[in-house]
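Next up: some structures, all given as structure tokens.
Across the two complexes that follow, chain A remains constant while its partner is chain B and subsequently chain C.
Now for the complex of A and B:
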């Protein structure tokens, strides 16, 4: 029970043409992220983003049991969005996926575009929309931040899992019912999302207590108190 | 980079190293959600070989870099599982921090050249148009 498992899409599960299309999609998405990330990155955010990538790599190794015989691991999108923002965050998750594919032989090279699209782009984008919305409506407290991380994680992980289902529908090589695959993926990933949410909430609330100035989402998505007071 | 930021980064990196180097040995060995879905429809024997049925796992092809010395989160040549997993995790954290941190450092805005966007400027002037990140 102590082997760390391969955890990303392997080669062969999705056919070559669809895998190639998603390599192109991933590269286009990453190019946009690099362009926007440059506007966010400064002397403080850059090293923080390196740490977030390293932290996601570490936590992805920690598979937790969600059902008998089924485990899950963090994807990292929500955590990254809250700590370093959506554009830099997507690049953090991508960095982890690239290191895992090139050095740890986890996630096929042919499948790298699929993995990046699901976890770094789709999952992070869903998390971003939810974080931006929830931080505006939930209470300005640790609890509000924690609840934001939890809810965004659950939905972000399920949406990322549905990315795989869409890819399987487009180019799956096994003759299986799409609805059955979708149901299995949605069910297990809801539970995995809750696990991810608890980890993400604990992490971001801890950082917010120690160094609130290092939490991107608190700077960007919550209207600053002083500005509000000034307007009023 | 300020001293306080350095302390925070060192602390965060230490936590990541402990998680990947030590706690990783207590991770669940069960297939993850994706792998579980990939195995649905097939039957497996005690050695985890497919004995029948139809599933995605049958279609899996070997990784192009399966011979990598760190393949599957271990270090080839180290027989002790705990040491092998832990050390591969430590190397992975350091490598990810170096590659990610290096890339982000190169991409960052150079604060002295961009006077108006110096460090901390985001907090000081929230009404500035260029700060609309949402």
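Now for the complex of A and C:
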């Protein structure tokens, strides 16, 4: 595993004050997640959270160099949201980012607030809202679940990428046009989102078929049917 | 899994993990807030990193090879001198923006120093110790718990992926090049489930042996005050360099 080539925001890309603000935002967001995750985390979810984090870790090593200077990679937020829920899911993604910063020197330590805000908070929040909506709207089948994972992945990844664009507009140290940065980020991440969506959809559908009890989103949004069946 | 850990006998290796994490974090903050024009300060930081690397007996080649991880982001810096505005200088027949040059330098210098500092931390601290250090720095147990499981599961995932590949090969499935991806894509869900169920059994075994969400800390105790003093030398020296450079300029 020597040539890991994932790369998050490094130190110095975004200036000090803006980095500091986002560290505060990330800390506040994580505090809420830790508080809510404690309510969610039971004997089934704890090992699942670890596996989801490991999976995301592995998946984030796939890195796409689409344009010079802008590389993107899979984020894994949607997979986390569907399997372990929004709070534990955001913590899984954050954990991956912290380990990558400390152990792989991937992503600057002072940029950790920015990276966590984009990928763990904004990305998973967008994905969770979409999952919550789509699971209610789409048919209650494995196809519906797969489509949910795919759509939520694409949009979640692009929204997370826009987080970077917003931060760059606020405190970018480089003198590049914001529209150009936004266009490259959006283009790259739409493609990445599709790739990520396909991986998330296959994984989630397989797990839902074999062990539906492990899928948090099904417990949260499709439980009524199982309850009725139990009564009957 | 210990991807970047370099097992050596050195003073830096023997320091407690929490003091090393704190030192690297503070050092990085000092580097990031340094104004980009203070070239002498950045030279001083590089010297400090070299000193610590020497103390930790981490070879320069090892560090530089792994520092290439930041290349994708540094490439962003290359275009800045050409696209920047304001005053321009001529260099080898190219017209470069002074502001853009400083911008590129800013990203390159701060990015590289941050990566080198993190690499030194990873080289001198094992993964288990890092989690222990985070735990002692009052990182929430939920996070250290997910981290512990994650590190275990990465090996489980890799091993299960290898087993599934061997199973495919032994059944005569031997596609070339990119066509291997198809089998992997079809098998990714199965891989996830197999790893989960393997890990679930281990987790239940841990629970029945008294696991309560925190790993036993073993023989090591909290860092003594002396270690905090020793490791604070790095950020304090960096801050001294920053102030000195600011005063001189």
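Just so it is clear, the second predicted complex is superposed on the first by the 211 of 232 C-alpha atoms of A that agree within 3 Å, B and C clash if a C-alpha of one lies under 4 Å from a C-alpha of the other, contacts with A are read in each partner's own complex, and residues count from 1 in each chain.
The rule is short, and it goes like this: a contact is a pair of C-beta atoms (placed from the backbone, for glycine too) under 8 Å apart; a residue touches a chain by one contact, two chains touch by 3 or more.
What you see is a predicted model; the values in this text were computed from it and never measured.
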Side-by-side fit of chain B and chain C on chain A, or clash: clash
Which of chain B and chain C A:85 touches, first, second, both or neither: first
Larger contact residue set on chain A - chain B or chain C: B
Chain B versus chain C as contact partner of A:202, first or second or both or neither: second
Touching partner for A:19 - first (chain B), second (chain C), both, neither: second
Chain B versus chain C as contact partner of A:50, first or second or both or neither: both
Which superposed partner A:137 touches (first chain B, second chain C, both, neither): neither
Touched partner set for A:41, first chain B, second chain C, both or neither: both
Which superposed partner A:102 touches (first chain B, second chain C, both, neither): both
Partner chain in contact with A:220 - chain B first, chain C second, else both or neither: first
Partner chain(s) touched by A:176 [first = chain B, second = chain C, both, neither]: both
Residue range of chain C overlapping chain B upon superposition on chain A, of 39-47, 111-119 or 165-173: 111-119
Residues of chain A contacting chain B in one complex and chain C in the other: 1-2, 4-5, 7, 9-13, 34, 37-38, 41, 43, 46-51, 53-55, 57-58, 63, 65, 69-71, 88, 91-92, 95-96, 99, 101-106, 108-110, 173-176, 210-211, 214
Touching residues (chain side chain B, partner chain A) in the complex: 1, 4-5, 8-9, 12-13, 15-17, 19-20, 23-38, 40-41, 54-56, 58-66, 68, 70-74, 81-82, 85, 88-89, 92-105, 107-109, 111, 117, 119, 122-123, 126-127, 130-131, 133-134
Touch list for chain A against partner chain C, complex: 1-2, 4-5, 7, 9-13, 16, 19, 30, 34, 37-38, 41, 43, 46-51, 53-55, 57-58, 63, 65, 68-71, 88, 91-92, 94-96, 98-99, 101-106, 108-110, 173-176, 198-199, 202-207, 210-211, 214
Residue ranges of chain A in contact with chain B within the complex: 1-13, 34, 37-59, 61-66, 69-73, 85, 88, 91-92, 95-96, 99-106, 108-110, 132, 161, 164, 168, 172-176, 180-181, 184-185, 188-189, 191-192, 210-211, 213-214, 216, 219-221, 223-224, 226-227
Complex contacts: residues of chain C adjacent to chain A: 1, 3-4, 21, 24-25, 28-29, 31-33, 36, 66-67, 69-70, 72-80, 83-85, 97, 99-100, 103-104, 106-107, 109-111, 113-119, 121-122, 127, 130, 134, 140, 142-143, 145-154, 156-158, 185-186, 188-190, 192-193, 195-196, 199-200, 202-204, 207, 213
